[in-house]
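So that you can tell them apart, the chains are marked A, B, C, D and E in the order they are listed, and the count of residues begins at 1 in each.
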Amino acid sequence: MCATWNFKTLKKTDPIPASSKPLSYSYWLGTFVLQGTVAPRVMLDVVGFGLLATGIVYLSEFAMIRFDVSLAVPGGPFEVAGAVLGLLLVLRLNAGYDRWWEARKLWGGIVNESRNLAIAGLAYGPPDHHWRVQFIKWIASFPHVTRRSLRGERQVPELSRLLTEQQIEALLTNSHLPDAVSRQIASLLAEGRGSGMDALAFYSAEKQRCLLIDYLGGCERILKTPLARSSAIQVRQFIFILLASLPFSLLDDFHGTLPAIFGTEVGRSVWLIPLFIMVIAFMLLSLDRIGMELQNPFDTRRVDFLPLDNICITIEQNLLELLHDDALHDYAAPTA
Amino acid sequence: MCATWNFKTLKKTDPIPASSKPLSYSYWLGTFVLQGTVAPRVMLDVVGFGLLATGIVYLSEFAMIRFDVSLAVPGGPFEVAGAVLGLLLVLRLNAGYDRWWEARKLWGGIVNESRNLAIAGLAYGPPDHHWRVQFIKWIASFPHVTRRSLRGERQVPELSRLLTEQQIEALLTNSHLPDAVSRQIASLLAEGRGSGMDALAFYSAEKQRCLLIDYLGGCERILKTPLARSSAIQVRQFIFILLASLPFSLLDDFHGTLPAIFGTEVGRSVWLIPLFIMVIAFMLLSLDRIGMELQNPFDTRRVDFLPLDNICITIEQNLLELLHDDALHDYAAPTA
Amino acid sequence: MCATWNFKTLKKTDPIPASSKPLSYSYWLGTFVLQGTVAPRVMLDVVGFGLLATGIVYLSEFAMIRFDVSLAVPGGPFEVAGAVLGLLLVLRLNAGYDRWWEARKLWGGIVNESRNLAIAGLAYGPPDHHWRVQFIKWIASFPHVTRRSLRGERQVPELSRLLTEQQIEALLTNSHLPDAVSRQIASLLAEGRGSGMDALAFYSAEKQRCLLIDYLGGCERILKTPLARSSAIQVRQFIFILLASLPFSLLDDFHGTLPAIFGTEVGRSVWLIPLFIMVIAFMLLSLDRIGMELQNPFDTRRVDFLPLDNICITIEQNLLELLHDDALHDYAAPTA
Amino acid sequence: MCATWNFKTLKKTDPIPASSKPLSYSYWLGTFVLQGTVAPRVMLDVVGFGLLATGIVYLSEFAMIRFDVSLAVPGGPFEVAGAVLGLLLVLRLNAGYDRWWEARKLWGGIVNESRNLAIAGLAYGPPDHHWRVQFIKWIASFPHVTRRSLRGERQVPELSRLLTEQQIEALLTNSHLPDAVSRQIASLLAEGRGSGMDALAFYSAEKQRCLLIDYLGGCERILKTPLARSSAIQVRQFIFILLASLPFSLLDDFHGTLPAIFGTEVGRSVWLIPLFIMVIAFMLLSLDRIGMELQNPFDTRRVDFLPLDNICITIEQNLLELLHDDALHDYAAPTA
Amino acid sequence: MCATWNFKTLKKTDPIPASSKPLSYSYWLGTFVLQGTVAPRVMLDVVGFGLLATGIVYLSEFAMIRFDVSLAVPGGPFEVAGAVLGLLLVLRLNAGYDRWWEARKLWGGIVNESRNLAIAGLAYGPPDHHWRVQFIKWIASFPHVTRRSLRGERQVPELSRLLTEQQIEALLTNSHLPDAVSRQIASLLAEGRGSGMDALAFYSAEKQRCLLIDYLGGCERILKTPLARSSAIQVRQFIFILLASLPFSLLDDFHGTLPAIFGTEVGRSVWLIPLFIMVIAFMLLSLDRIGMELQNPFDTRRVDFLPLDNICITIEQNLLELLHDDALHDYAAPTA
């Protein structure tokens, strides 16, 4: 029966995230890529700040020419504020990556424990072939169900490759699918223990089943707990204050109102201020945006989402290969 | 009997913290939010520093006009001090989030171990239906009791959904409720072991019971140990020194006393100094305040408190669903 | 017998550290506190640097007036050096808090495992009442003995509440008391196992006994290993170099020797330099001192010492309550 | 038979990475080393930025002389941006080293668990000599297979030292070799358990087998998940913006257009700007490159790759020595 | 027999590292210490940079006087580069301490597990006195052998206190001594299990034996893997670039070539530049050196080496005391 699964050619049809393609080590080749960056996502906001700066420069020129009033403010205090804000954004970016990396580790744990559970079932489980097939297939179902659950989807089409119609139907009566799959694995373990599985091999497998639930719980925690809402808003307010007052403090540096000393100073025209603001806004908003996007590593609309589809298919392939190998080499005497 | 619980429609009537609502990814939509930030909480202190700065400016103008005495001091040394202070505040904010995140992880652990304990009880416990119902209900009581205990409340109204009057009464004779609930679960496990529960399944469940106590202990540690009192006070003193002397050092930058070169320099009037001080005070005090507020993630009056009510209800629902499913599918032969 | 223990009213007579009182969330209320800060402890050193700076200013004025020689040096290189030094101090402060927090976690672990050990002994131990009382009391002795050992004290008056005269006498023949108490608990466990305690319940308890030794060992590690001696000295040398040369580089900023432009410039008198130096010395020395003080969280003379007395009494109370409850509810049949 | 293995003289013929040679503690001796650094790898890109800067300087001189137009822009905003970018790069470098260190830890774990598994097999396994030899040799095969798998190689020549032709052939039918080796070890453990190995010694060994899979999974996670692609691109874009606009802002500092005050100012010639840009580009691009190279610690083409060949040979030697010792001292009675 | 060991007076004759002496909390007392710092070790390199700077100043004066050519370069770009370099060095110092602290934790683990293993052996092991003495003595040998192995020494004189001639001789035939000692402990455990040691007490002890190997492996990992070679070299190159070009950029600040305004400006003489360079070199090279020295915490030639000799003697004393106590109190009936 198992010879009919074509497990080595499972198609990975799901989109492959840009984030899983390695970046060229050479500097120049990796610089002008736009795909897989947040540049397109912050561009509108950057333009917004450019327009705001243009308005401010226009206003200040108008005030100078009509009312002989200078709106320039000293820029000293902004440097330290800018440095602190930069630090805040960079540390948040780091915290975002730690979170993203933790999610990746949790899925790495699901990979490991699925393998260990399968190897334990095949090496120490009862020799009943039917039990073995069921055990492996329910383990292989767990990652699929977990991924769909983390993405808020109820349909798990992958299950039709692994379970019977009735099994799927019964499973879908539960509201929390991963719990129910874990419950099934526990029942199979209890059955295996009853059929003479070694007590400690059973315990070792049970421990791995618990770990699967732990990793699932970790992912749910990351999904449901946005990090640092209060400081996220505050950071945005700080960015606004900084970017809205920076044009005023740059007016003196770009003293377009002074008589030119060295010919025409195009590099000092106040009309360059919006360009400067846009460059700085691009840096700050990018850091803010990446920090935000990293908070939900499971959503395929985010820029650095985890390639969960591939991970799940790899687990399925590895498990089915172990089962296939088991049937071939006849480690245990199958009853069928 | 269990068909009468309407566990799927448990109302989550407790307030949902602003901190659990995700922030919009787009910059502009998330900037001008006040709810769920510390802005209203620091506004009074910010105004206080604004008044202090106004007083200082008034004093310096008075000294200049009446006594021809300049109070301006050089500002150089303040820049580095400001940067170090900013670093200190940002790192404390990070430490606060680590602590908050640790509390969230501990509660994630309570979610996981509750599930694992329930699955173990149902899959490996004795087939006695009464034992199963009791076991699940005492597990479901643990998070409620823990949450109330962490918030210093003795009343646990949720228990009436799960336990009998006598059980609740007997429980309330204890001063440390979570310990007593854990003691009950241990007794049920001992009873289960006596009724033929597998030795290692018992041990696995016992380990999860111990973990529940560990997570509770972790939460109590966070609750009872304010982080960094001595440096918290020192940081506030540094903030005061900086914000009280900054107006003096800004007097030269805003040299309102100099004859105007380019028309009226409204951007350089010394009367703008209080505005600058208030902006900087807003940044520093916000960072200080968020760092302080994050230290008690269990108190609903804090800005980023954890949604423990929802977590507890979710646990209860998941556990009751498992129990409901167990009764339906007749995995084990109920005695009733 | 156990009804005579008045465990709910154990007096906590030991001093409560300022560090365990929560700081007000509001900025102004928490700023001018001196108790529980290192301010009094660094004040003398701060004054020392003030005097040094006064001497330098006097010397420079003398050189200027008598020999027409300016001692002012350029200050540029000092800014970056100051920022790096600030970073070094702030990171050391953070490392100090990590260490302090680790000590707190280790004691949290002692709390958790004491509870778990007691619950396990009462729920799974032999029904012999005498064994139960002894087991709980030896567990309750462990934290007291550990705390005294960490503080280098040989007298443990709290033991008289828990053990008999002979037991205490025999215990004190050992040089390492916590090891000896752990040895006693192990003997009681071996006895319990011999009287029919379940094998895995025994193992679970043994694991918690081992954890108690691990936490003790962690505390001893923190106690005996001062962090970063070589860099601590170096940091102090850097502070000295910076604070001793800063007056020279400030001479130009406070160019009291220039003819006054805007009336009398009291804010620019060189005699303000010592004040500036003292403010900066206060910041640097406070950071240095807190970083040093955090290295021994067990010593009650340190500013942020851990409230070990309270923790130990809380453990004792919780354990005795569990024992009391056990006798009342008659979970097991007491022999007495 | 085992006397014929010359396990003490296994040649380590694989290249030894420069990264495993300790650097001299003395400053001067370790400064001008090029081997094992990324300097040669970034030199081309550095020269590229030098040429770009030369072009910009040439353009600005041309504009000045022909059209009397100055292209100089104010440099103030770039300082803070540069500092934030530096922070970003330094933190990424740190994250890269954490990742690299994690990979090293995982391999350290493979070393430890291989030893423990071997000691457990020899001390607690069945006395059958054939089983012991097989057990040790399959364990010794695991690291070799894992290393080759992580480097994407299918040929594992080292196996011919340890396994028979048929074993190797059967092994190579699997697509995931480490899983298959782990499956073999599990089968040997099941066999040992059947031949009277102690239940808990079996369980302890099984746990170590699971840990080997966990460490393998951790390495695969590091291999397959490039860290921080979106921010890596963004960082490169920031570097480009900074380095491309810095020449314009340096034009004023190197005001070669001003009349010389102190003789010929060769140190202020605008033609020095490309040199400055190259120095700064060298720093920024080196940090970027090291951060990128550290992401794949298994690839021998990377600058700091891990010496996996040596680690694997050391494991093999240690295990064979234990086996050799076992045969000599006759701890267990060999059947052969 | 055990009464003849004078275990309480084991002399600690090995050198006590300066790093284990606590530093005074008071600032002034701890500032001018040289012992236990890297100051003497970097002094030569600092002087080297001083000479280099003197040469540069001499050259620039010569160029100015003879050829009327100024070599001064603008210093702006160096500030940010200096700050980034400082950050890099400080973070490396931190990483060095993390590594050093990890090594200390691993040895703390060896202390803990030695104790736990000994307590387990005495409380749950067979009553045979000879077995107990052997068990304790082999455990006490493990730290000594590990320490010597980490320092690359083959002679372990301490063993003569614990083992017989023949045992030592047999041990020394192995090339990896700690593995062999661990193998002996495993054999004793297997023997104890055979003589009726409880299965789970055996398992608990076996787990601690595995942990000893894990900690040993962790130390070997730290010893054999120099951290961050490529970036260490790069950092030194950055330091060289900075310190070699700083004199040129300071020439303008110390504008000794300008006519003196305020009398003789001795504080602005270019001949002070080498002094400045030496101060900055002292800071940078100290940070670099401490970061390097921390990488091998086991070598007694390093400035902050761990006091392994004391730790090993303390373990030995604690274990022998437990054994002595065991013989006195007759917990188990000794056969002798």
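Definition applied: a residue touches a chain if its C-beta (ideal position, glycine included) is under 8 Å from a C-beta of that chain, and two chains touch if they have at least 3 such contacts.
Keep in mind that what you see is a predicted model, and the values were worked out from it rather than measured.
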{"item": "Shared interface numbering between chain B and chain A [over half = same, under half = different]", "value": "different"}
{"item": "Centre-to-centre distance between chain E and chain C (centres being mean Cα positions), rounded to whole Å", "value": "24"}
{"item": "Centroid distance [mean C-alpha coordinates] between chain C and chain A, Å", "value": "38"}
{"item": "Residues of chain B whose C-beta touches two or more other chains", "value": "79, 83, 87, 199-200, 203, 293"}
{"item": "Chain contact graph, described as a line, ring, star, complete graph or other shape", "value": "ring"}
{"item": "Chain order around the ring, beginning at chain D and proceeding next to chain E", "value": "D, E, C, B, A"}
{"item": "Residue ranges of chain B touching chain C (in the complex, touch as defined)", "value": "41-42, 45, 48, 64, 67-74, 76-77, 79-81, 83-84, 87-88, 91, 95, 170, 173-176, 179-180, 182-183, 186-187, 189-190, 193, 199-200, 202-203, 206-207, 210, 213-214, 216-218, 220-221, 224-234, 236-241, 245, 248, 251, 257, 285, 288-289, 292-293"}
{"item": "Complex contacts: residues of chain C adjacent to chain B", "value": "8, 18-23, 25-28, 30-33, 36-39, 75, 79, 82-83, 86-87, 89-90, 93-94, 97, 101, 104-105, 108-109, 111-112, 115-116, 119-120, 122-124, 198-201, 203-204, 208, 246, 250, 253-254, 262-268, 272, 276, 279-280, 282-283, 286-287, 290, 293, 303-304, 306, 317-318, 321-322, 325, 329, 331"}
